Amino acid sequence: MNAQDKDIPLLAKEGPRVAAGQGDTETHHPPAPPQLRRGVDDQRIVFEDVSKFYGEVLGVNRVNLSIPPGITSLVGPNGSGKTTLMNLMTGLVAPTRGRITLLGMSPREPERLFHKVGYCTQFDSFPKGLTGYQFVYSYLRLFGHSHPAAARLAEQAIDRVNLADAAHRLIAGYSKGMRQRIKLAQAMCHKPTVLVLDEPLNGLDPLIRAETIALFRSLAQEGLYVIISSHVLHEVDALSDQVVLLSNGYVVAEGQIHGVREEIHEHPMQILIRCNRPGDFASRIFQQEYVVEARILADGQGLLVKTRDADRFYLLLNRIAQSGISIESVAPADDDVLSVYEYLIGAEEPPK
Amino acid sequence: MSFERLPWALWRAQILAILRLEVRKTFFTRRGAWIYLLAFAPVVLYAAHSFVELKNGGHGDLGEDSHIFAAIFQFFFLRLAIFFGCVGIFGNLFRGEVLEKSLHYYFLAPLRREVLVVGKFLSGLLAATVIFSASTLLQFISVYCYFSSNTLQEFLFHEHGLAHLAAYLGVTLLACIGYGSVFLAAGLLFRNPLIPTVVILVWEAVNGFLPAILQQMSVIFYLKSLCPVAVNESMTGDSHSLLDLLAVNPSPAAPATAILGLLVLCLIILALSSLQVRRMQIDYGAE
Amino acid sequence: MAVHKRSYHSYAGELSPAWSRFLIVSRYAYENALSSRFLVAFFAICFFYPLGCALALYMNHNERLLAIFHVSSFFAVDARFFYHFQNVQGALAFILTALVGPGLVSPDLANHALPLYFCWPFSRVEYVLGKLFVLVSMLSLVTWIPGEVLYLIQSGLAGARWMWSNLWIAASIFLGSAIEILVFSLLALALSAWIKRKTVAGAALLGVFFFGAGLGQAINTVLRTRNGSLVDITNLIASVVMPLFHQQSRITVPADRASLALLAISAFCLFLLEKKVRAYEVVRG
């Protein structure tokens, strides 16, 4: 999904409204579920108007999503519905309303679905009395694999998460990070097409985190759908092709970070510019009506600009650069998940 | 899909995989030690009795011993040992996984829920049958072992000894099937399986005092019908006691009816359990 | 990091008395137990029989009613009456124990709460006392307390002479109930401490009693003895309590042997509690 894909709205939001298109300042209702062609459906993970209520408690409400291949991150505060979405797409819970399909298959057909899907849950619990190898191997036999095939696949998966040395120790004796990795190995041992990972980096030390992130990238490059939920926003930034922001059971925004950021018109883009004459620079740009604010930095070697139209500002930047002002660097200051999170989800939190 | 084209080979492989996983949890674990105690307590008793009789010269009465064996088998082994053993083995198959938060691993495999139920039931049945059948065999050996070899040969090969042994082993197997399916379903339907356990225990305990038609609505009635030696319901031994007056001894069910009835009951319960598992959602927080 | 201003001070105010701190555990255990509507309903039902007996005692001394039926009394209020009351309330107390007991220690074990308890100035003895207090108080409310109330009602209706000549019954009610309460409570706590799942602990408690009764009968039948009843806890309690009420039955074991057996069971339960109620858990393998 990218900002140029006009068929699919980038933002769909209940409650506080976020304008969807250019110049559109009117409040709007959430768009109707995307009417995709059947062939496209078979290549995506689709949620059509899905709601899940646990009694009177809302899990997720009226979720419409279409997730393409690549790494998609589910981001949101605790209780926003990330795990519920993952449980819905894997059939561990059934939706109260709506329809879910993964690559054209329904979660109600586990015997078909789980040849293509692997899910690493948040539960830190395992069948008792098993070693890491037995855990992965035994569940591979459930898939119908023969002993040699299951043994080979188990060893490959365990190697991939760097647990070969501890594979034949009981899981009860593993550290938190090792338990997390063996769960990961079990989720991907059968080489699924879709990998759903609920906070997979929990409990991992920085070195293993980096290796695991590299693993996810390589899996995504192989064509897998990797769906990750995480709280670690800078890693989401570094890792994800697209994000889905959730809050209170609603999808607040979805798409690439840059595209989502561009749609948030009530928060002008912040751009950090390092240059030798920030005063001159500021006087030039203030003439433009789309520049809202320019603040010279404390060290006097740059300024922070807020603009409503980043594209036009960058064009202006080119002209200013040709006029003699030496520009060292230009970087978006709030074009990341953290900023988007604060603008969209932080705004809904009641002031303390 | 026609019957022949169903993936029998895959289901067989999956059931075997479930058996491999489950058997590890049921056999030779410290947590399951109490089931072995339940099962083999009568063996110890009979062995002690035989030891004492041997020391006293071995002048026992084979008929009396057969009657005592029958009474212990029906009133203690079936109603308590196998009953509670099946509560522990089968009641834990799903409920235990939910409490340990490991059931989702099965739900996340390409496994039909019906196959899962069958696999789990067969794993419980294998464990229960091996343990309790071994106990039945050892009980039979230990209760008669102090008799002379001539008496034993006469009893086993020329009288009904071996037939009795086969009958007791068959009743043990059917008891595991009957109670097993009931407690597998109880573990699925009730968050606290204590309640159905107590209800069924009391129902089976007072079974002998219920009207004949109600007696037929219990597993123990059919199991008693298949036992080779009949034992009166009242254990007080006092023919004038109130319990004796209240005891009802209807005619036993025909063996074919008893066997078929228990198997059909088991199949119906497994089918209903499969429906329940199919609708099951993973929500460990509620436990 | 330099510390500019030391503004943190540990608490130096008043503390609650040390002897009463175990009641904190009881308070929360009560809250947990009474959150079950089924338990509250059953607890209420446990008072129906004492109320019925109180009514019966009143009717037994109601002269107008007696005159209608031309009798001096409907039934004899003697040791046998109170022993029968004890039996009924004892059975209800057992069910109450099975409902409350397993939820006392099992959840703390399963949720790794014991290290949290014992990282404070709180001993294992206080913890066990706190949990025991819940059972002892609830079981007392359904056993000897209503029993003594009935005794007082009967004394009030029958007169001081009856009261003084049957004072030993009051002592028997208390002692008999105390024995039951102690055995039930220690068994329930010990099983709850050893079995992490409270439903399984409840089933185990039932199993100990039912299976023990069956095993005792089996031992007696196979070995042609009466010593099998030493594993039947119900029989053991009856063997000790019946003589207190001057009752006899041919199925009980001698009171001295039964007392020793009950003491051994209680000691074993305390041993199990001592092994399991610890601040750490060893995971083998």
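Labels for the chains are A, B and C, by order of writing; each one numbers its residues from 1.
Here, a contact is a pair of C-beta atoms (placed from the backbone, for glycine too) under 8 Å apart; a residue touches a chain by one contact, two chains touch by 3 or more.
These numbers come from a predicted model, not from an experiment.
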- Per-chain C-alpha centres versus the global one: which chain is nearest? B
- Message: Suppose chain centres are the mean of their C-alpha atoms. Which chain sits farthest from chain A?
- Response: C
- Chains most often in contact, by C-beta pairs: A-B
- Message: Between chain B and chain C, what distance separates the C-alpha centroids? Give it in angstrom.
- Response: 33
- Distance from the mean Cα position of chain C to that of chain A, given in whole angstrom: 56
- Rounded to the nearest Å, the gap separating the Cα centres of chain A and chain B is 52
- Going by the touch rule set out above, which residues of chain A reach two or more other chains? 129
- Item | Residue ranges of chain B in contact with chain A within the complex | 10, 13-14, 16-18, 20-21, 24-25, 29, 97, 100-102, 104-113, 279, 281-284
- Per the touch rule, the chain A residues reaching chain B in their complex are 54, 87, 90-94, 110-115, 118-119, 121, 123, 125-130, 138-139, 141-144, 186
- chain C-touching residues of chain B, taken from the complex the two chains share: 34, 38, 41-42, 45-46, 48-49, 52, 68, 71-72, 75-76, 79-81, 84, 87-88, 91-92, 95-96, 99, 191-194, 197-198, 201, 235
- Note on the structure: Within their complex, chain C touches chain B through residues 98, 197, 199-200, 202-204, 206-207, 210-211, 214-215, 217-219, 221-223
